[in-house]
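Shared between the two complexes below is chain A, which pairs with chain B and chain C, respectively.
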Partner chain A sequence: MYSVIKYSIIENLRSKFYLASIGMILFIIWLSHYSSQINYNYGNYTLSILTLGMYFTKLILFAFIIFLPVSNLSQEIETGTIYFLLSKKLKRYKYLAAKYITYMILYAALLFFAVFSLWLLTYVFVSKRPEMSLKLLYFMYSEFLSGMMILSIVFFIYTAIKAQVVTSILTAITYFISIMLNSAKEIAEKAQDASVRCFYLFLYYIFPNFSYFNLEKNIVYGRAVDIKYFFMMFCYAAIFSLILFIISAVFFNSREL
Partner chain B sequence: MKNQKIEGVMYKSIGEFCIYVIKFTKYTKAIGECMLKIDNLKKTFNKKIALDGINLNVKKGEVFGFIGRNGAGKSTTIKSVLGFVFPDSGEMFFKDEPLDQSKFRESIGYLPEIAKFPEKLTAKEFLTYSYSFYKKITGATRDKISQLLEDVGLKESKNKLINTFSKGMKQRLGIAQSVIHDPELLILDEPFTGLDPVGKDGLKKILIDQNKEGKTIFFSSHNLTEVQDICSVICTLHNGKVVYQGATSDFIKEQSSNSLEEAFIKSYSRSGGKDV
Partner chain C sequence: MHSFKAFILFIFLVVVLFGASFVTKSYLSANEKSIVKEFISIPFSMQMSKLFFMNQHIAASQYYQFLAVVYCTTLNYPHYHLISKEGKEEHHNEQKCDCNDHDHHHSEGSAENKYVAYTHGSNNEDIYFTQEKLDEMLAREENIKQYTSNYIDTKYFYDLIDLSNALDPDNDYVLFFGRGWVLNVNMARQMVGVLEHSYERTPKWRTMFDAGWIALYALRDYERARKYFEKAMKHEDVPSFVVGIYTHSFSMDKKYESAIKHIAYQMLNTKDHGLRTRLEKKLKWYQDLFLLNRGAIEFEKRYKRPIQSLKDLVNAGFFKVVPEDCVGKGFVWDSKNSEVISKNIYDLVNK
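Let's look at the complex of A and B:
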């Protein structure tokens, strides 16, 4: 399993996709700097850069954590590379776990690069705000956990339906529904019709709630977050990802190649 | 005193005799030992019969050619053996024991039909990667990998990325990865496909050498000239059914032909010549 992780990382680092992602991160950091000059809403230059920078970074990371695994996994299956791997002494669930860890490592490296670039821009080059350095770690932590959950959704959908494009679209839809779950709960509470209430409650309970991982306001306005909340976030993401990963492994195990 | 000496010599002789008997029994057993056995294997894809009760018996030390037209069921059989496809019914045995995938994979080397390997790795990295599934990488492993690359004629290209390799080079690298852990059985799916005559000849030599080293080789192919050259035993497959299994020379004689290709065409026409 360790060797699958090691060589998958080497392979991905040599691919154009990863280099392009790093290039995109640099571009969006520049874009957030440029946009903050145009859209100076917050009365504070650093806060403006941070808000836009985190927003753009989230978009890039979101695209990365969906498209890299989907294209990579489907390519391995369609071209037959998977036959080489699975004819060795490697169990299918271990292959899946190795791939999951590989993508999380690559994602974490990209996230670190993005956060480091943002920190350089806000702290070193533009305005010296030392307190921002620590707050950016909040962003790193929450994005890592939400990346973990998105990746498990990708694995779950891909192993269940085996289609590249549909997996990407369904994961994106799941994510967008999931960030609006609080609104779904509000609608359910206000709804008169029982069927409407049931539908929104169903959405609320069946989809993962990504709004728990939204700490941008705390970061921008320098609000502290309770350590218990961080722990709760970790437990939520870990349990959700583990359950989905186990289901994905069962699907993958019963799949003909 | 004298008696004790005689008894001692006698016991020693009986002991040695017993060891000879055990060795001889093991040797005679090994000659005909069954490496891979398939019993009544059936598989259907969307109501279309791919395998219709396949029976196979690959013995230790054989070079076994598995031949048939495109879509005859060769790859499906191999994929079933490797656990990539789940058969509807039938039994598989490895060394006379029910096939246990985890044990089986330790003892086999496999070359897929389309040898697509991780393209962004170098040949040396790829072989190290392949070896790491079985044993820990040591200094001796690195020497073994260098030797193996030399054996398959890829010594000069060991640090080149696989995506720069020609089809023949990839195929030779594929053979190298399949034998790196010294397996007992080699399963090769269409190893000659897409190779030029020089490439085919090179691959043939590698397979003959591997067989001389004691490896059993099971390969599917529709390059019948190569099969005739290196296979002692063949199995022909038509519409998911085994039509013949036995010595290559007997099959050619049975069909009153001069070559395996001619014999195969005759056999195919006689069996109805239906496409799957």
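Let's look at the complex of A and C:
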């Protein structure tokens, strides 16, 4: 399992997709710097660059986590690498776990790179307020947990339907529906019909809610977040990811490769 | 024969397509702005921003602010600094355009004393220009102020400001930006509307103070301004200058008695010695102004003519001496508006 992680990381670090992601992150950091200069008014640079930078970073990270794992897994099945690995008495769930850990490490590295670049640009070269830089750790933490959940959704969908492109699309749809989840709760509260109410409440509670990981306001306005909130965020992401991973492992174990 | 018919049909369809395209495109191109920029549905945009910006409301707010900033650059508003004879900056036109797309006028004159103003180049270098060029810029500035709607859709602009603030109610910068672009009464009305919306969403003293300020100085709607100031004053964190401006608003529509009553009330409610001293000074100023104006009215009633100067009031026995102006640069008779004014204050207000 350790070897799978090690070689997967080495292989992926050299992949065009990963390098392109790094290039894209550098580009978006520059882009947010450029757009912030235009948007600059009344000493508002830090706020502007942070919000745009975080948004674009999130976009790249999201694209990375929904495309790379699926494309790699499909490639390993197509080229037969997976058969070679599984023939070495490596259990399927361990293989899946190794892949999960690999992508989370790659994701974390990319996230760290993005946050570091943003911090460097905003606080060292422009704002010169290093004490504020700690708030960017909030972004790193919340994005890591969010990535953990998205990856588990990707694994879940991929192991269930075995289709590469559809998996990415469905994950993206799931993510965007999750953003609108509060509307589901509003509908449930207003609905007259009990079945409609149950359906929307079920949707509200079963669906992942990525809004909880949105700490941008606290980051850009330098507001502290309660430690309990961080803990609950972790619990939510960990439980959700673990359950989805277990279901994925069951699917993966029983399916034909 | 068949191929000939097909050819004719093809030509016919091409001509029809061309004709239809020409007519529709001419219309659409001419009216595109009004169709695209007619208005922004703020509730809809707020819902959609959740999706497009992956629930990053502040990023969405910054994006709409960005649109507003870029949209303003289409005004090409002149940006210049006047130079005094000593070579120091005398005046800077008030609008702060954040773009690099100002009217940059290069002077071809050689003598330095020909230059009357300067602007900034794309690399932030100073570009000097002559009176002739300055007059052109002033004319353009005036034209933009009077006919802003010929250049931009102000409703669209203020919708962008409103939306940006709605997405991030802590984004006060966008409100400052919108307020900075109030060029005429129409824009002032729209900005006050934006500030009212902002206050409904997140009550802050600053929002109501800004609305009051615009109503007072741009709209000259004193009653409305006072309503906004009163709302601002209900907030605990309101600074003392808001109360001062509220009091001053009474003098703008000549309600000196109300101003006096308000100051007296403030004096009763303060234990701060410094503030009390300042209020006493102000109270005396309002009382003098009130008495002088009342004296001028009495004089006109008695002698069937307005006074020529304040000395007339002394000569007629209304006052022993003209009171000393403890706030402005002296009380004078403004024959144009038939009122006694405090010189410095009057100038400031009219600026």
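What we mean here is this: the second predicted complex is superposed on the first by the 247 of 257 C-alpha atoms of A that agree within 3 Å, B and C clash if a C-alpha of one lies under 4 Å from a C-alpha of the other, contacts with A are read in each partner's own complex, and residues count from 1 in each chain.
Everything below uses one rule, namely that a contact is a pair of C-beta atoms (placed from the backbone, for glycine too) under 8 Å apart; a residue touches a chain by one contact, two chains touch by 3 or more.
Bear in mind that the values here come from a model prediction, so they are computed numbers and not experimental data.
Visitor: Do chain B and chain C fit side by side on chain A in the superposed arrangement, or is it a clash?
Guide: Aligned through their shared chain, the two binders fit side by side on chain A.
Visitor: Could you say whether A:Y229 touches chain B, chain C, both of them, or neither, answering first, second, both or neither?
Guide: neither
Visitor: Count the residues of chain A touched by chain B and by chain C, then name the partner with the higher count.
Guide: Between chain B and chain C, C touches the greater number of residues in chain A.
Visitor: Applying the document's definition of touch, where does A:F17 land relative to chain B and chain C: first, second, both, or neither?
Guide: Neither chain B nor chain C is touched by A:F17.
Visitor: Of the two partner chains, chain B (first) and chain C (second), which one does A:G80 touch, if any: first, second, both, or neither?
Guide: In the superposed model, A:G80 contacts chain B only, not chain C.
Visitor: Could you say whether A:E256 touches chain B, chain C, both of them, or neither, answering first, second, both or neither?
Guide: Once the two structures are laid over each other on A, A:E256 reaches chain B alone.
Visitor: For A:S3, decide between first (touching chain B), second (touching chain C), both and neither.
Guide: In the superposed model, A:S3 contacts chain B only, not chain C.
Visitor: Is A:N214 in contact with chain B, with chain C, with both, or with neither (first, second, both, neither)?
Guide: In the superposition, A:N214 touches chain C alone.
Visitor: Examine A:L90 and indicate which partner it touches, taking first as chain B and second as chain C; both and neither are also allowed.
Guide: first
Visitor: In the overlay, answer first, second, both or neither for which of chain B and chain C A:Y34 touches.
Guide: Neither partner.
Visitor: Measure off the angle at the C-alpha centre of chain A toward the C-alpha centres of chain B and chain C in the combined model, and quote it in steps of 10°.
Guide: One gets 160 degrees for this angle.
Visitor: Quick check: superposed on A, how many Å separate the nearest Cα atoms of chain B and chain C?
Guide: 34
Visitor: Can you check the complex and tell me which residues of chain C touch chain A?
Guide: Residues 47, 50-51, 53-59, 61-63, 65-66, 69-70, 96, 98-99, 168, 170-171, 173, 176-177 of chain C touch chain A in their complex.
Visitor: Write out the stretch or stretches of chain B touching chain A in their complex.
Guide: Residue list for chain B touching chain A: 79, 82-86, 102, 105-106, 108, 110, 112-121, 125, 129-130, 132-134, 161, 177.
Visitor: How about chain A: which of its residues touch chain B in the complex?
Guide: Listed in rising order, the residues are 2-3, 7, 10-12, 14-15, 79-81, 83-84, 86-91, 256-257.
Visitor: With touch defined as at the start, can you tell me which chain A residues reach chain C in the complex?
Guide: 35, 38-42, 44, 47-48, 51-52, 54-55, 58-59, 62, 175-176, 179-180, 183, 210-211, 214, 216-217, 220-221
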